[in-house]
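Quick one: structure below, then a few questions.
The letters A, B, C, D and E name the chains in turn, as written, and every chain counts its residues from 1.
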Amino acid sequence: QSQGVAKEEITIGSIQDLSGPIAGFGKQVRLGMMLRVDEVNQQGGVNGRKLKLLVEDSAYDPKRAVLAAQKLVNQDKIFAMVGHIGTAQNLAAMPVQFEKNVINFFPVTAAREMFDPFHRLKYSFAAPYYDQIRTALPKLAKDKGAKKICAVHQDDEFGLEVLRGAEAGLKSMGAELAEKTSYKRGATDFSSQVAKMKAANCDFVVLGTIIRETIGVIGESRKTGFSPTFLGSSAAYTDLIHKLGGPAMNGLYATMTVQNPYLDEASQPIRFWATKYKTAFNEDPTVFSVYGYNVIDSFVRAATKAGPGLSTDSFIKAMDTMVIPPDIFGSAEGRFGPKQRLGSDASRLSQITDGKWKVVSEYMKPQ
Amino acid sequence: MQVLQLLISGVAQGCIYGLIALGFVLIYKATETVSFAQGDLMMVGAFIALGVMSMLGLPFWVAVPAAIAGMAVIGFGAERLVIRPILGQPAFAIVMVTIGIGYVARGLITMIPAIGTETHALEVPYKNITLNAGGLVLAAEQLVVIAVTALLCAALYLGFRYTRVGVAMQAASQNQLAAYYMGIPVKRLNSMVWALAAAVAAIAGLLLAPITFVHANMGLVGLKAFPAAVVGGFGSLPGAIVGGLVIGCVESFAGFYLPEGFKDVAAYVVVLLMLVLKPNGLFGERLRKKV
Amino acid sequence: MRFIFKTSYDQDIDLARHGGHRFWYGLLLLVLFTAPLWVPEYWLSQLGFILIYGIVGLGLMLLAGFTGLFSIGHAAFLGVGAYTEAVLAARGWPFPLSILMAMGLSAAVGVVVGLPALRVKGIYLGIATLAFGFIVEEVLARWESVTGGNAGLSVKPVDIFGWQPGSGAGFYLVCLVLAVLATLMVLNILRSPTGRAFVAIRDSEISAQSMGIHLARYKSLSFALSAALAGLGGALYAHKISFLSPDQFNILQSIDLLLMVVIGGLGSVHGAFLGAAFLIAMPQLISLGKDFLPPVIGQAAGLQGLVYGLVLIGFVLFEPYGLYGRWLKVRTWLQLAPFYRRGLFKRQKSFQKSERLK
Amino acid sequence: MSANVVLALTNVESAYGPIKAIRGVSLKVRQGEIATVLGSNGAGKSTILKTISGIIDPRKGTVEFRGEDITAKDPALIVQKGLSHVPEGREVFPLLSVHDNLMMGAYTRHDRDAVARDVEAVYGYFPILRERRAQDAGLLSGGQQQMLSISRALMAAPALMLLDEPSLGLSPLLTREIFEIVVRINRERGTTLLVVEQNANMALNVADYGYVLENGRIVMEDSCDRLREKDDIKEFYLGVKETGARGERRWKKKKTWR
Amino acid sequence: MSGETLLCARNLSVQFGGVKAVSDVSFDVQRGEVFTLIGPNGAGKTTVFNLISRIYTPTAGEILFEGRALSGVAPHQVAALGIARTFQNIELFEHATVLQNLLIGRHRHLDHPLWKELLFTPSVRASERATREKVEQVIDFLDLQHYRDTMVAGLAYGVRKVVELARALCTEPKLLLLDEPSSGLNVEETGDMAFWIQDIRDDLGITVLMVEHDMSLVSRVSDRVLAMSQGQVLALGTPAEVQAHPGVIEAYLGSAGDLSSLRRKPAIEEAA
């Protein structure tokens, strides 16, 4: 038997940013997870064991992530780490977990390091930014007849992944980036970046940006009369973009996997789910709530499949033949195997029209 | 043309730095401490305006005075509560307290359910208005920042230079003991200073909100305002603005002409160069102890 | 209070002033060295963190508490030490050598950072160090060929000429030995002419100079020693955390370090370790306490920041000498129990005087 | 006692942390009088003045100013009531100009014209200050700062003035002038003064009533006329030596009041 | 007295903005004498001290110490040459005890390699002991036993003056600069100071250059006196000669005058 699995209870842990720069997301992931945990526990738990979810705050700081991981792993004896947010934070925390044979299950980050290089304790669900852009860029650029493709990215691992994806995508088209420029996390002024791209006559811009920076770059461009096609990654796929940025954001494309659960959504199950969420937490759900919800949902699937003798080994064994079907939010089918630690690398395109995200393409898989 | 446009965006950004730096200098002149809470007070001010507008549904023109007055009250209260008891301790103690105030402000705001962790947009009447002049583009938001900064700077400068209370504030910072001996109500002035600084922070928050959005971490721009204040000379109000402009323009040009990464450290490189060449900044006083 | 009848100058010079000291510190060492035998793994690991931060705190204490130079960019030295160690460990350098290198390189950077300190003071110096902190962070992020940039860098475990202490008890002991050595050396410096020169510079530069103290030399030395200790701490930190990224050494880290020495008690060597203990224990205490609070507060994001801020303010307000000051009071109270007067430590009204002229 | 007592200390005890600096001091200053406190180093003279003006709070006892209890009140408030204090060691505002320093002296006053007249009067006493009116006060020489600090207190036009070693670092000529000014403002404006001064010869000639402080206690008090005649005062404070009293280097005669 | 020149100032001038603080001042100090500077406030006496200790650089002229020009010497090296000073406004290390202040005074005699200090080798310990020995001698000399372990911040003004003198003596200087050693001291203590200054000259063999306003002290201990006014030399000679100089009387001493003229007229006293 593995640590964290008791007669009546399975203890799982998660680390979120609850007070740092992306506290908004961290909180939503946590609420999404809590929603699913409560549902499962009300339905009698996993093979009779209730789920106990412990959430620690990392403030998006790798050092605090390590401290939190040490606490969860060594003190609270969690069975698995689920939905840990942030690339650097995961990289920092994983050694602590692996030393104690604790699975890193479905971290909320689309970095390739979450499944590559291979480790038996790593599982990831998110199509990597790299693959998202690599796949979407050539198609969209062709549709738009773009000549000069540029990129602006945050100068951290996340932004670089987007950039690498863009470069790989262009390479497959036999083209190159006409201009690339970066900014530091937390920047608020993008005038010189936009001026640079404008000066290079870009007509297509790949955005390795998150929320405020996406809005900032597009806003500055609109202001200075620079209007290329913008393509962001799933990091920019949040309702905040159009809520904060207003009409100026219309026309922005982003790659994504699960849909944002609008309360007035056409699809009935999503509407039902969103209302349930809103009743529970008195907040509108977002795509991050869905991530959290899905992470737990998948965990429960695997744990249930692993049977009453739940242990790390039986869990991995269950995951070896795991297929997670598309859900109500429109995610792609996820498949895992003994050497397959990423569920799916497919993603699709959405665009903001009339102040809302609309799905505009089918799932695409990188070639 | 390109150069001019870069210059304009540099100036606009510089004014933002200058505006925050103004708050630092104000406090420094009057208490000889550096307030690390200035950026966070600015954030709180923006949140107050946001609350007034979105929760009470009042117009922008009501939210502005409300935020300023609200922040003045908060500044006053903070002084009473946590700064007055250590009035007279070494400046360093007060610096630490301001760091504490910053943490508390950020913590409290983030704790507001459903609001604190989100990013919000403040609806200002002049949003999305741009002026085009022969190919150059100027946003109304930036023009407002420039105008208000200039006015505020002039008002504060005159106040410190020529009013009795202004001089007394400086006196109290240079020698508190002697200030007491002169009958200067050091404590009351101190409350006033912090109230004023918080009000200035609120103004900065209001002006910044349309540009950077309102969120719990918006106060971090304050870190760029430190170099601005130092380049200008920490004790000089006009210096704060000039310093801000220098930093803003350097950043703007570095971002365009220099390789990646230079834009973000340009401010700090400038400040180090400045400290080596002219340790007391462009307008700083020459400080030398006579023995 | 204990009165000691002094019979030789050595009693003032010795580290342990009397038998009591020897006994208590001996006991403390015994407890610490036997900790792996009876302390649960998790707490041992936290203890290791405390030792590491304590070493960094010692350095900052030397600089801020004893020389009066405030550094708001100290995380940069930590970063230099950590990255040096990580890079050298990856190249297969044995731990003792790489750690010396880490200290040396940090010290060198410290001297460079100290250069502006020769001309500026007070807030200007603070901003200079802040600026340096940002620049170092940026260099760590940009110099990808060596540091791995923002993608981060994994750190190999400690290897002392083939002996691998691992990450548990062995590594703890390595930290402990280094912490003890560092503490002893700092204490030695403080009781030597150099330590006195630091204090002199803190109190009055002009008369320090007229006593023949070379300001530039001692300020640089203070920066170098402080940075070397930060570098040592950084090297241990690298192994402890085993994954480095530039943003671990940002301004927030620097402020944390400053908080640590202030809460510990500025100007005391004990304070460095007490502060470190506090810095590590605080988040634990908060997460312990949060289950007892109503969920609106307990589960709210930002609780940690709020508590941090309140604690910091509380310390400055009520215990300006930090945890060490509190301990002194408790000790005095114990020693004087029946005669203790409340007024004994009452804070005088005091009055700020311009520190711009020094 | 009599109604014309401006300042009365009863049984005042002040301490710095555990160190008691004054232990049960009682003294009175009457309207229109010049009083002086003599005492050796560390006797607690400055502490008495600081306690009066609220810079340190006494442990015990009360301070009354014009019949009002001002014990441990805010120093600024005490000054506003008409008591001004020239501190020991020239506490000027180093980065303000000489003129601004003077204006700060008049902070509690609102009669602009009278203030302007007083500035002129002060410049009349010390022409060097007029010459340096725009210079930072911190750059003045020691003596010039002392002049400034006295002038600044004069600007407050107080009812009672506490002077802590006004002649510190002044040339013999100026020392004399300072005391002439002291006498003048006392006679002309009726300002009451409490003076602490090491130049006992000067103090005892200028003052009407004197106190002798030793180790924080008042050991002798009398009118200055009588004090000047006492042997101990003569020997220890006026430096009038009986021949041979200190011929032997390190030998000091015991003060008889101890 | 050997009669050999220890310190020699030639045509010194220094100017701050429009203020000529010192202009064309020359004098020399013989080894083993007490040489006093007097003059009205703002005459430039402290500025001369600051020139010697290299806090200011003269705009013209030079200072020779033991025949060596001071112009090339850095401020911190002045102590190493054997020049120590006290300050008019007292510059002690406030947050240290008297003993620590005095130990810092010994700094110029101590120079260990860093590693020895880090390890506190026996040689460092030995030198610490010796340092302590020296400091205790000075403490005995100036009667400071009582204050040995007190924080400077809590000392009365007069005691600080003595501590500052003690700290200067700890450097074992050849030339001691005293800026107003008796200010803030009463008659009795000034008497002690006079004895100390004489002992410093006669027993310790240290040359003293001082600034002083108390003429009784000046007359008692000075061998020669230089009077300055407005940055210029007014008179030079024995104390008696200088005090009799009409210019000095006019600018500095004032007419001796009868102090009793300051007393309140008896009539008014009765009224009060």
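As a working rule, contacts are C-beta pairs under 8 Å (C-beta built on N, C-alpha and C of every residue); 3 or more make two chains touch, one makes a residue touch a chain.
Chain identities (UniProt): B = Amino acid/amide ABC transporter membrane protein 1 (HAAT family); C = Amino acid/amide ABC transporter membrane protein 2 (HAAT family); D = Amino acid/amide ABC transporter ATP-binding protein 2 (HAAT family); E = Amino acid/amide ABC transporter ATP-binding protein 1 (HAAT family).
Note that the coordinates shown come from a computational prediction; the quantities given were computed from them, not determined experimentally.
Trainee: Just how many steps, at minimum, does a route from chain A to chain B need if it may pass only between touching chains?
Mentor: 1
Trainee: Can you name the chain that lies farthest from chain B, using the mean of each chain's Cα atoms as its centre?
Mentor: Result for the farthest chain: E.
Trainee: Find the chain most remote from chain D, comparing centres computed as mean CA coordinates.
Mentor: Result for the farthest chain: A.
Trainee: Any idea how many Å lie between the Cα centroids of chain D and chain E?
Mentor: That gives a centre separation of 26 Å.
Trainee: Please work out the Cα centroid separation of chain C and chain D, and write it as a whole number of Å.
Mentor: From the centre of chain C to the centre of chain D is 47 Å.
Trainee: Rounded to the nearest whole Å, what is the centre-to-centre distance of chain A and chain C, using the mean of the C-alpha atoms as each centre?
Mentor: 38
Trainee: Mind checking the centre-to-centre distance between chain A and chain E? Centres are C-alpha means, answer in whole Å.
Mentor: Measuring from centre to centre gives 74 Å for this pair.
Trainee: Would you give the residues of chain B that are in contact with at least 2 other chains, written as numbers and ranges?
Mentor: Each of 106-107, 110, 113, 117, 174-175, 177, 180, 216, 260-261, 264, 287, 289, 291 in chain B touches at least two other chains.
Trainee: Can you list the chain C residues in contact with two or more other chains?
Mentor: In chain C, residues 141, 206, 301-305, 349, 351, 354, 356-357 touch at least two other chains, as defined above.
Trainee: Which chain A residues reach two or more other chains?
Mentor: Expected reply: 19, 23, 26-27, 155.
Trainee: Sort out for me which residues of chain A touch chain C in the complex.
Mentor: Contact set of chain A toward chain C: 18-19, 23, 26-27, 56-57, 59, 61-64, 66-67, 70-71, 74-75, 88, 91-92, 95, 99, 155-157, 160, 185.
Trainee: Residues of chain E touching chain B in their complex?
Mentor: 46, 50, 55, 87-89, 91
Trainee: Once bound in the complex, which stretches of chain E touch chain C?
Mentor: 53, 55, 74-80, 84-85, 87, 91-96, 100, 103-108, 110-112, 114, 117-120, 124-125, 128-129, 132-133, 167, 171
Trainee: Touching residues of chain C toward chain E in the complex: what are they?
Mentor: Of all residues in chain C, those touching chain E are 9-10, 12-13, 185, 188-189, 191-194, 196-197, 199-200, 202-204, 206-215, 221.
Trainee: Quick check: in the complex, which residue numbers of chain D touch chain B?
Mentor: 53-55, 74-77, 79-80, 84-87, 91-96, 100-101, 103-105, 107-108, 138-140, 152-153, 156
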